[in-house]
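There are two complexes below, and they share subunit A, which is joined by subunit B in the first and by subunit C in the second.
On to the complex of A and B.
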């Protein structure tokens, strides 16, 4: 594979994490404009861990995810009773505060005669773990996709579990869920924590992929994009947000078919798509139909026996 | 103390532009119950149209102002037709995402037409600032404040003294009931959208004429400032929008003076966050209603 393709694929994989992060909250019925905050926290935390504390990459990524999850769960508590636009704008305000605080954040250590570490608005350079340890770009790509596959596996288990049902129940109608005996508040904080962890791991991967982060990257644009991915792809399965990322980064940005006009085309396409399919490409109904059709194809015998049974 | 008063005075002036932006925002939100993320982008389209004519033909301030408002209204109608009118009830979220996509589209279109990062914008009223004892006020800032108060009053009168305003208030109360008593809901919504865009266009023009330059980032700036001021003041409240804007301006200017420009933004977001957590309805808004811009009940 050539370097350009590897770069694009890595990018798609990494951005998928923050798209999935927004997706978890969408499942519980909340719109967040602020997942970029946890992406940023994960990026800085894991970068600091590997570059300044000389932790191994795995520990650094786990640390980034953990710090981001803790921050997200903490934010979840005061914002619990907010819904809809109020929640969305509160997360936006929080994320912008985080971005601005990173502009004031200085933590530099002299390593091999060079100052390394976050330096306010200048950013955080030289997160060189993958160079220092001779990890090739293909190997890093494999790492990204192994983690992404594990995450998707986790989502498919979630969909089959009680927790998944509770999340979707809360998203559908949280009052009804509460009345059915679900401790909605606890599960919302849990969902926020999971979403934070995913964004944090994605941020850690991003920091090591680009070796350089600055606060400016983690602005509202990133947050609204990651939210839009899930809503364009559809909320039926965890593949929805990935479809969104694939359409945006994979097809439009990378092929350069519409150089210069990318957003003019993409923006119009999305608007038209949402008129036709307001709940995204692969919404719940579409996913149900596809899986029903798949079962019909994969086990025609059962269908036959069912019709036979009905016939008399 | 002199500094504080001067900062507060500056904050009032800057804040009046935030108030104007929030006024348009709150009008759209009040009537539609949906978030228009493309609000700032529509304003930017109008402003860019003004710049284009100014740079190409050296048009005067009146022509530039008229184009800024007209362009914002046209872009606003485009957004309404594409992102809001075709969406059924319960698709508030689709409207929001779609308006975000159109924001991206309009921004890129503006960059394609005028590719440089910054362009000059004609000043409205240059010259010496007015002095009042030890305090100074820029003339164009004063015009901004007067415009905000005048437009706020005009919108209030429109809503409470005209048939159009009555129709809009009926829709805010209950769109179905409004339809049943003979209100043309779709036309009234389009009218509210156009009106809000016009207010935004005026706000955008006044801000840019004071800054004397424009960048494509202006759309995002206008959306964010309008959104913050609207949320602080209370969703759907006209006096709330103005009050929220003024308060935001005062906090920003004092924060900048005492702690630097990064803290200016930080203070603004902190104010917003604290307001939402402690008093989600905003200062003058109603109790936090369930907002359908959220992931509303599935139709």
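On to the complex of A and C.
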């Protein structure tokens, strides 16, 4: 496969994690401009684990996800009592705080005669796990998509579970959910933790894919994009944010149709969709219609196979 | 319950991914990069000198590609990697890259072949010059009396 295509597909896979992270919070009715903070925490934590502590990649990624989840849940305790604009501003402020803290964060270790580790504003270079362990770009791409598929499977089960119903119920009307006996605050903290873990795993993959990170990567633009992917693709299914990522990186950027005007087109697309389809292309109604249509198509076949089975 | 067991499976899969630890240090390459604007807008010619980081010997015969990413919008600007060609000077390569806009870019130098490595360099690409992105500000113009 062409290196460029592998690069684009890897980017689509990695950025999908932060898009899904924002989607979890959107499900519970919260708009976060701060998921890039957990992406950063995951990137730094897993980079430190593999580059400085010599952990295996899987453990490093899990560590990045766990640290980001803990940070998100801790942030969730005081902030998820806020709503709407106040919550959005609080998450944005936290993300900027994290970015600035990483500009001050120095933790370097001498490895093979070279200082390796986070070095303030200069960032964290030489996260060389894939090179030191001879993992090819195609193998890493497969790893990204295996993890993404596992995440989507998790979402599919979540949507069918009581937890998924509670998340959507809270997102629709948290007062009504509270009156129905749902411990809204507790579930919102749980959602924040899951969202943090997803962003953290994405950050870990990003750090190992690019081999370097620096604080300015994790500025507000990344947060805005992660949120916009869900709003473009739709909130009816976890595939929605992935559609958003595909439209932005897979079509607008990679095809070069819009060259330097991509951001203008992207911004315009978000604005138009928010007016025309406020819950994205694949909103709940669209997903319901697609499911019904799919059942209609597949049911005659199913009925036919059942009849054939019954026939002697 | 099903959700918990699925999450457990995902966690187990994560923990066992890449069970080899990163103790084995691969070859390390050091790169000196200097770029200057080419004739076309947003095109830059880069001269890259590769040396072995441990022995300081020049690295010849490498398959080198040069990619670029914008730190302010990671993963969103997929600049098509340019293949570098070896020049007559040993260990020195030339690549022409096409960027999307001026500003700070991180160049990714990917080596394949007998040495597999990646070196990253932060550079600020402006209309008329290219400077190290980690040293803020344009160099002062030559002093005239």
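What we mean here is this: the second predicted complex is superposed on the first by the 296 of 312 C-alpha atoms of A that agree within 3 Å, B and C clash if a C-alpha of one lies under 4 Å from a C-alpha of the other, contacts with A are read in each partner's own complex, and residues count from 1 in each chain.
Here is the rule we use: contacts are C-beta pairs under 8 Å (C-beta built on N, C-alpha and C of every residue); 3 or more make two chains touch, one makes a residue touch a chain.
In this text the structure is predicted, and so the values were computed from the model without any measurement.
By the touch criterion defined above, A:153 lies against subunit C but remains apart from subunit B after alignment on the C-alpha atoms of chain A. When the shared chain is aligned, subunit C comes close enough to touch A:132, but subunit B does not. Legend: residue contacts after superposition of the two complexes on their common chain; A:61 is shown touching subunit C, with no touch to subunit B.
Of the two partner chains placed around the shared chain by superposition, subunit C is the only one that A:11 touches, whereas subunit B remains out of contact. In the superposition on chain A, contact is made by A:50 with subunit C only, not with subunit B. Touch criterion not met for A:292: it reaches neither subunit B nor subunit C. Applying the stated contact rule after C-alpha superposition, one finds that A:214 touches subunit C and leaves subunit B untouched. In the superposed pair of complexes, A:231 makes contact with subunit B only, with no contact to subunit C. Contacts of subunit A with subunit B, set against its contacts with subunit C after fitting on chain A, overlap at residues 221, 260. Listing the residues of subunit C that touch subunit A in their complex gives 2-3, 6-7, 9-11, 13-26, 28, 53-54, 65, 67, 69, 71-78, 80-81, 100-101, 106, 108, 110, 116-118, 120, 122, 134. Per the touch definition, subunit A reaches subunit C in the complex via residues 3-4, 7-8, 11, 14-15, 50-51, 54-59, 61-62, 65, 111-114, 122, 125, 128-129, 131-135, 143, 146-147, 150-151, 153-154, 157-158, 161, 163, 201, 206, 210-212, 214, 216-217, 219, 221-222, 225, 248-249, 253-254, 259-260.
Only residues 26, 29-31, 78-79, 81-90, 92-94, 96-97, 100-101, 103-104, 121, 171-173, 220-221, 224, 227-228, 231-232, 260-264, 266-271, 274-275, 278-279 of subunit A touch subunit B when the two sit together in their complex. Considering their complex, residues 29, 35, 37, 82-83, 86-88, 91, 93-98, 100-109, 112, 220, 224, 227-228, 231, 235, 262, 265-266, 269-270, 272-273, 276-277, 280, 288, 290-295, 297-298 of subunit B touch subunit A.
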